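Several structures are given next for inspection.
Both complexes shown next keep chain A, but they swap its partner, so chain B is in the first and chain C is in the second.
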Partner chain A sequence: MEKIKRKRGKVVSYNKWGYFFLIPFATVYIIFQLVPLVSTFYNSFFENYRSGLMQVGPNFIGLENYKTLFSTPDIWIYVKNTLIMWVMCFIPQIIVSLLLASWFADPQLRVKCAGFFKTVIYMPNLIMASAFAMLFFTLFSDSGPINSILMQIGLLEQPFKFLSNVWGTRTLVAFMNFLMWFGNTTILLMAGMMGIDPALFEAASVDGATSTQTFYKVTLPMLRPILIYVIITSLIGGLQLFDVPQVLTNGTGEPMRSSMTLIMYLNKHLFSKNYGMGGALSVFMFFITGILSLFVYQFSNKKND
Partner chain B sequence: MNTAKASKGLSIKTRRIIAHATLILITFLCLFWFYVLIINATRSNGEMTRGFSPLPSTHLLDNWRNLLAGTLPVWSGMFNSIFIATCTAALSVYFSAMTAYAIHAYDFKFKKAIFTFIMMIMMIPTQVTSLGFLQLIGKMKLDDTFIPLIVPQIAAPITFFYMKQYLESTLPLSIVEAARIDGSGEFRTFNSIVLPLMKPALSVQAIFTFVTSWNNYFIPALVLHTDSRKTLPILIAQLRSADFLKFDMGQVYVMIAFSIFPVVIVYLILSKFIIQGIALGGVKG
Partner chain C sequence: MKKFKKILALSLASAMTVATLAGCGASGETSAPAAEGTESSAETQAAASDDGAEATVSAGDEGKIFNIYCWNEEFKSRITSHYPGYEEVDGTTGKIGDVTVNWHITPNDDNAYQNNLDETLLNQESAAADDKIDLFLIEADYALKYVDTPYTMAVSDLGITEEDVANQYQYTKDIVTSSDGVLKGVSWQGCPGALFYNREAAKEVFGTDDAAEVQKKVADWDTFVQTADELQAAGYKITSTVNDAYRVYSNNVSTPWVVDGKINIDENIKKWVDDSKALVDKGETGTSELWSDDWSKGFYPEGKVFCYFGPAWLINFSMAADQEGSIGNLGGWGITEGPQGFYWGGTWICAATGTDNPSLVKDIMLKMTTDEKIMTDIVVQDDDFVNNKPAMDAMAQDTTYSSKVLGGVNPLSIYCAGADSIDLSNLSAYDQGCNEGFQNAMKNYFDGNATYDEALDIFYKDMAEKYPELTH
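Up next, the complex of A and B:
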C-alpha cells in the first residue's frame, strides 16, 4: 500500500487505466450476478408457477411466498437435514485435520513420505462429486461390493441396506464429504501452524510441556483465527450441499426426505419452474450465506492488514 | 528432564508409530474406493453378481465397447466438458489477473470500495442467484448453449483474490515504471510483462478453475437440455436415474472411471505444485 502512495505523483496520469482494466469484471459481474440477484428478489414477491400445463401468474402477492415457505414444515426439515449432515462431516474432519496437520508440521516427528500422504489426502477434493456419489451408490448398493465383502469376511449375514436406512444414507453423504474436504482443511491448518513462531514451541519444550500440552496451550490458541475461518467457510460450503445427495438418492432425498438438502429443494423448484417459492428460498439462503460471509470478510481483512 | 518428559507424555518413538499407522489407515480410506472402481471396471456384469473379488479380470475393453455402443453420448460429453472447462479456465484466469492488476497497480477513486465489495461477495454461492440467472439466459436466448457456463466465470472473486495476493508479494511497481519509461503502453505492459511474471499463480488457478468447471453439476444440469451438449456430470446423474438394475454394471464402473481418471492423472503429475498452491492462497473452498 505505502509503495503505491509514495509513487502516486508519478503514476497519477496512468490511473484512469485502473478503471479500464476493471471493465470486463464489472460488466460480467453486473450482467450475470447482480441482475440475476435483483430479479431473484423480485421473483420472490410474485405468484408464479406451473400446475400441469397451466401457467399461474406472475401475480404480485407481496410476502405470501415467504409466509408459505416458513409456515410449511418442509423448509425446516431440509435445514435440519443439511445441518445434521454438515455436523456429521465437519466434526470428524476438523479432528482428523488438526491431528494430521500437527503431525506434518512437527519437525520432531519427521513424518516419512509426507509428500505422498499429502498428495493422497488431497486427491478426493478434485474428484467429480457426482461421479464419486455414483461410485458410492454402486459400491454400497444392496448387492454391491461392500456388502459382498462384509458377507465374505463374515461380518454380515444379510446385506445391509445402506440406502434405505435414514442414518445409513446420511452417514454415507457425510463420509463422502469428509473424504473430499479433510485434505484441503489439513493443508490450510498446516500452513497456519507453519506460520506460528517456532520460539513459542521451543519455550514450551524448555518448560517441559508434553506434546499434548503444547498442542492445547500453544498450537490451538495461535490457530484460532484460521480455525474460525475454516469453520465458517465449511459451513457456507455445507449449506450448498447438493451434488452428492442429489446423485446418491437420485434427487429424491430418500429415505423419507431425510437426506434432502436446501439446494436440492431449490433445484426442485427451479426444475418445475416454481419461480415464486424458488425466489423466496433463494433470498432466504442469500441472507444466511451473506451473514456468514461477513465473518469471512472480517477475517480476510484482518489478515490483509 | 528427559525422564520427566517420558513419564508425562508419550515418547517420540511411540508418537511416530501412532502417526504413521494413522496415516496409512487414512491413505487406505482414501484409495480403497478407487481400487474397487478399477477392479470392477475390468469385470463383467456376470462376474460381479457372483460377489467381490480383489483381483482384476479381463473385461475392461468389453465394458468400454459396450458403453460406447450404448445410448450415453460419452465422447461428446467428454469433449463438451473439456471445451467448457478449458475456455472457463483461460478466460477466468486472464481476466482475474487483469482485475487484480487494476486494483494492485493503479490508484483511483473507489478503489478501496471496489476491493471491499469484491471481498464481500466472494463467498456468496452462485446457487442463490441461479433463479434470476436462468431467467436471464432464457431472455438472452442463451438457454442450452455453453456461453452461460463460460462467460460468467470472467468475474471470479476467489481467483481474483488469489491473483491480488500473488501480485502483492511478487510484482514490484518499479518494473511497471521501467516499462513506461521504455514507452510500453499500459495494456501491453500487462500482457507482455506482468502476465509472464504471474505464471505460477496463473497455472495454479487455471488448474483449480478447470477442475471446478469439469466437476460442476448444478448449473449445467439446469442450462443444458440437448443430449449431445451435456457434460460428463450430467451424464453420470442420468446413469443414476436410469433403471440401473437392468443395466450392465461393468459399463457403469467404466463410465465413472472415465469421468474421474483424467483429473486424477493430471493431479498426480502436478500434485506437488498444486498442494503448494493451496497453502499459498489460503482461500479456497
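Up next, the complex of A and C:
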C-alpha cells in the first residue's frame, strides 16, 4: 500500500515540471493576449475619444458603439473589400504554391538548385511590406515606369491611372500580397508533401496511375491537414490585411474607399483615439475571424469522417 | 555532443530572456535623467509650482532645465546661430547661461509629433518641474488645437506687450489668436506665397514674360480658368495638380470649416471643386498629390507646367533649383501675385502653461521674433522671410538683393504685398483634418470615380472618424 502511494507521488512530481515549463507561455499569453482581449470588450461599451486636447469620456454607453457601427452599411463594405482582396490573392497563391511544391517535392523530377529557388521565392517575404508598397506606388504612378513602358510598346495611348481605378488598386494589393506570401505557402506545402509516406506514391505508380491522378488521389488527400492550416492562417492574415493597402493608398483606401480594409478602418478611429469605436470594431472582427475559421475547419473535416 | 546541445539550448534560452528584458531596461534608462533632474533642482520646485498665474518671476528662481518640443532642426539651428549666449553641447542639448536646454525632437510623420506633444501636455500638471514642457512649436494647420486650450500661455502673461509685436504681420498673429481673442504665440518667419510662372511658356503663349502682363492673365479665378484653355492649346498644363491651388482657395474662405459643431463647406472651397473639375476634365491639370513624382515633373521644361503656387522656401529649396536643366537652375521662373493672397508653412513658438522658466521663454520670444537686428541677420544668413514688416519692406527696396532662381528680380515686394493681404479670421481647430480629408475625397470626383455628392459623403465619413463630435 505504502509502496503504491510513493510511486504515485513520484508521478505527480514529474507532472509538475510540465506545468512549470508552461509558466513562461502562460504569463506572456495572459499579459499580452488575454488582458488586451478582455479590455477590448470592456472598452467597446464606453464613449471614449479625444478631440484635439479635449478628452471625452470614458462614459458608459452600453451598446451604443455597436449601434453606430452597424447603423451604416459601411462596415460590410469594408468586410467585402477585405475578402475580395484576400480571395484575389489567395487563389493564385494556392495554385502556384501547390504546383511549385509538387515539383520541388517530386523525387523523380530532381529539380536542380532547389535550395536556391526555395530561397528566391521566399525572398519577397523578407522585404518590409511598407517598402514593397512604396516601390509599387512609384512603379505604377501615373507617369511611372510601368506606364512609360506600356505607352512605348504601343499598348496604351494615355497613361492608365492604376491607383485611381477600383480594380487597378485592388489588383495591385492582391498581387503584392501574392508575391510576398506564395513562397511561404510553397515551403509549408512542400514540408507537408515530404511527410507523405513514399510507399503510397510507389504503390500508385505500380498500379499505373498517371502523375495527375497521383496528385489528385494521393497527394491532395494526404495534404489536407496542412492545407487546412494554410487556409486558416491565410484567412486570418487576410482579414488583418493592413500594411500594403495603407501605404499604397496613403491611408485613404481610395478610390472611393474600395481598398479600405477592416484594420485600416480601425486605424482611422485611432486618429481621435476613439477606443470605444475601435473596441467595438475589434470585437466584431474577433467574431468574424472566429466564425470563418470554425467554418473552414468544419467544412474540411467533414469529408474526412 | 549531448553536452554541446545542452549548452546550446541554455545559451539560446538565456539569449531569449535577455531579449525580453531588454525592453524593460530601455525604459528604465530613460527615466534616470529625469530622476537626476528632480534632485538637482529640489529647491526650485517649490517656486515653480505656483507661478502659473503670476509669471513674472526673476530669473534667479527659475528651473535649470529648459525643455523645447519641436519636429525638426530648423528652430534649433536658428537658436544656435542667432540667440545670444546659446552654446551647443551636443545634438540634443545646449546651454544658456547655467540653464540646460533639452531639445525633444519628434518627426512630424504620421502625426507622431502631435501625439507625443499631446501626451506630454496632458501630463504637464503632474510632471516634475524639470520635466515640464517650457516651450513648444506648432504649425498653422493645427494651431488652434493648442491655442484654444489652457495648456498654452497667453504671451501677455509672459510680459510681452502689443507694442512688442506691432511689427509682425497681422496674419501670423491671427493664426495663434485663440477664439476669444488672446494672442498665445509668436513666429519669427512669414511664409506669404506667390504664383511662380514658367517664363518660356509665358513667352510662347502670351508673347511676353512681363510680370504685369502675366498677372492680367491670372488676376482672378475665372480668368485663370480661361487662361488654362490658351495654355492647353500650346500643350501646357496650367498647374501640375489641382492641389496646387487648393491652399490659395482655402486661405480665402469667408466662413470656418466648423460652425457650432457642424461641418460647413465654404463658397470658395466649393469654387475650388468646380474650377478644378473643369480643369481636370479638359486635361489642363492633374490629380496627383503634392510632393509626388508626378507633381514635381513640372520643375523641368519637359514637364510642361505653367505655374506653381508657393512661398519663398518652395522655390528656393524645393523646386530642384540645384539640378542641372531644371527651370529654376536656368533662372526661368517669373513671379506675380496670382488670383488671391495666401501663405504656406511657418512655425510658431508657444509657451506651455506651467513652465518653470517664464522669463527665458519671454526672452527667446522677444529676441527671435521682434529684435530687428537678429531678424535681418536671419534674412541674410538663412534666406528666411522674417516676420518683421519694416525690415522686409526695407529689403524689398534693396536693388542689390535679387533671386537667381527668379531670373534676377527682387521678389520681396510681391511677398510683402501678399503677407499684408492675407486674412485668416476664419480658422478652426479642425482645419488640418478637414483640408486633408477634403482633398483626398474630392480626388474621387476629379478622377471620375464618383459624383460630387458621393465624394462629399466620403469626406463626411472621414470627418466622423477623425472628429466623432461633429455633425454635417
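One rule holds for everything that comes next: the second predicted complex is superposed on the first by the 245 of 305 C-alpha atoms of A that agree within 3 Å, B and C clash if a C-alpha of one lies under 4 Å from a C-alpha of the other, contacts with A are read in each partner's own complex, and residues count from 1 in each chain.
By definition in this document, a contact is a pair of C-beta atoms (placed from the backbone, for glycine too) under 8 Å apart; a residue touches a chain by one contact, two chains touch by 3 or more.
In this text, all values refer to a predicted model and were calculated from it rather than measured experimentally.
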Inset, instruction - Name the contact category of A:Lys118: first (chain B only), second (chain C only), both, or neither. - result: first
Inset, instruction - Give one of first, second, both or neither to describe whether A:Tyr49 is in contact with chain B, with chain C, with both, or with none. - result: second
Inset, instruction - Considering only the touch criterion stated at the top, classify A:Ser143 as touching first (chain B), second (chain C), both, or neither. - result: both
Legend entry - Which of chain B and chain C A:Glu254 touches, first, second, both or neither: second
Inset, instruction - Tell me which partner A:Ala203 touches in the superposition: chain B (first), chain C (second), both or neither. - result: neither
Inset, instruction - Scan A:Phe271 for contacts with chain B and chain C and give back first, second, both or neither. - result: both
Inset, instruction - For A:Ile91, select first, second, both or neither according to whether it touches chain B, chain C, the two together, or no partner. - result: neither
Inset, instruction - Answer with first, second, both or neither: which of chain B and chain C does A:Leu155 touch in the superposed model? - result: neither
Legend entry - Superposition-derived comparison: chain B or chain C, residues of chain A touched: B
Legend entry - First, second, both or neither for A:Leu220, with chain B first and chain C second: neither
Inset, instruction - Check chain A for residues that touch chain B in one structure and chain C in the other, and list them. - result: 138, 143, 250, 269, 271
Legend entry - chain B-touching residues of chain A, taken from the complex the two chains share: 3-5, 7-8, 10-12, 14-22, 24-26, 28-29, 31-33, 35-40, 42-43, 96, 99-100, 103, 108-112, 115, 117-139, 143, 145, 148-149, 151-152, 179, 181, 183-184, 187-188, 190-191, 208, 210-213, 233-234, 236-237, 239-240, 242-243, 246-247, 250-251, 263, 266-267, 269-271, 275, 278-279, 282-283, 285-286, 289-290, 292-294, 296-297, 300-301, 303
Legend entry - Partner chain A, residues of chain B touching it in the complex: 1, 4-5, 8-10, 12, 15-16, 19-20, 22-23, 26-27, 29-31, 33, 36-37, 40, 48-49, 51-52, 95-96, 98-99, 101-103, 105-108, 111, 114, 119-136, 148, 151-152, 154-155, 160-161, 173, 177, 180, 186-187, 190, 211, 214-215, 217-218, 222, 232-233, 236-237, 239-241, 244, 249, 252-253, 256, 259-260, 263-264, 267-268, 271-272, 274-275, 278-279, 282-285
Legend entry - In the complex, chain C residues that touch chain A: 111, 118, 121-122, 145-146, 148-149, 151, 286-289, 292-294, 297, 429, 433, 440, 443-444, 447, 449-450, 454-455, 458, 461-462, 465-469
Inset, instruction - Write out the stretch or stretches of chain A touching chain C in their complex. - result: 49-56, 74, 138, 141-144, 161, 164-166, 250, 252, 254-257, 265, 268-269, 271-272, 274, 277
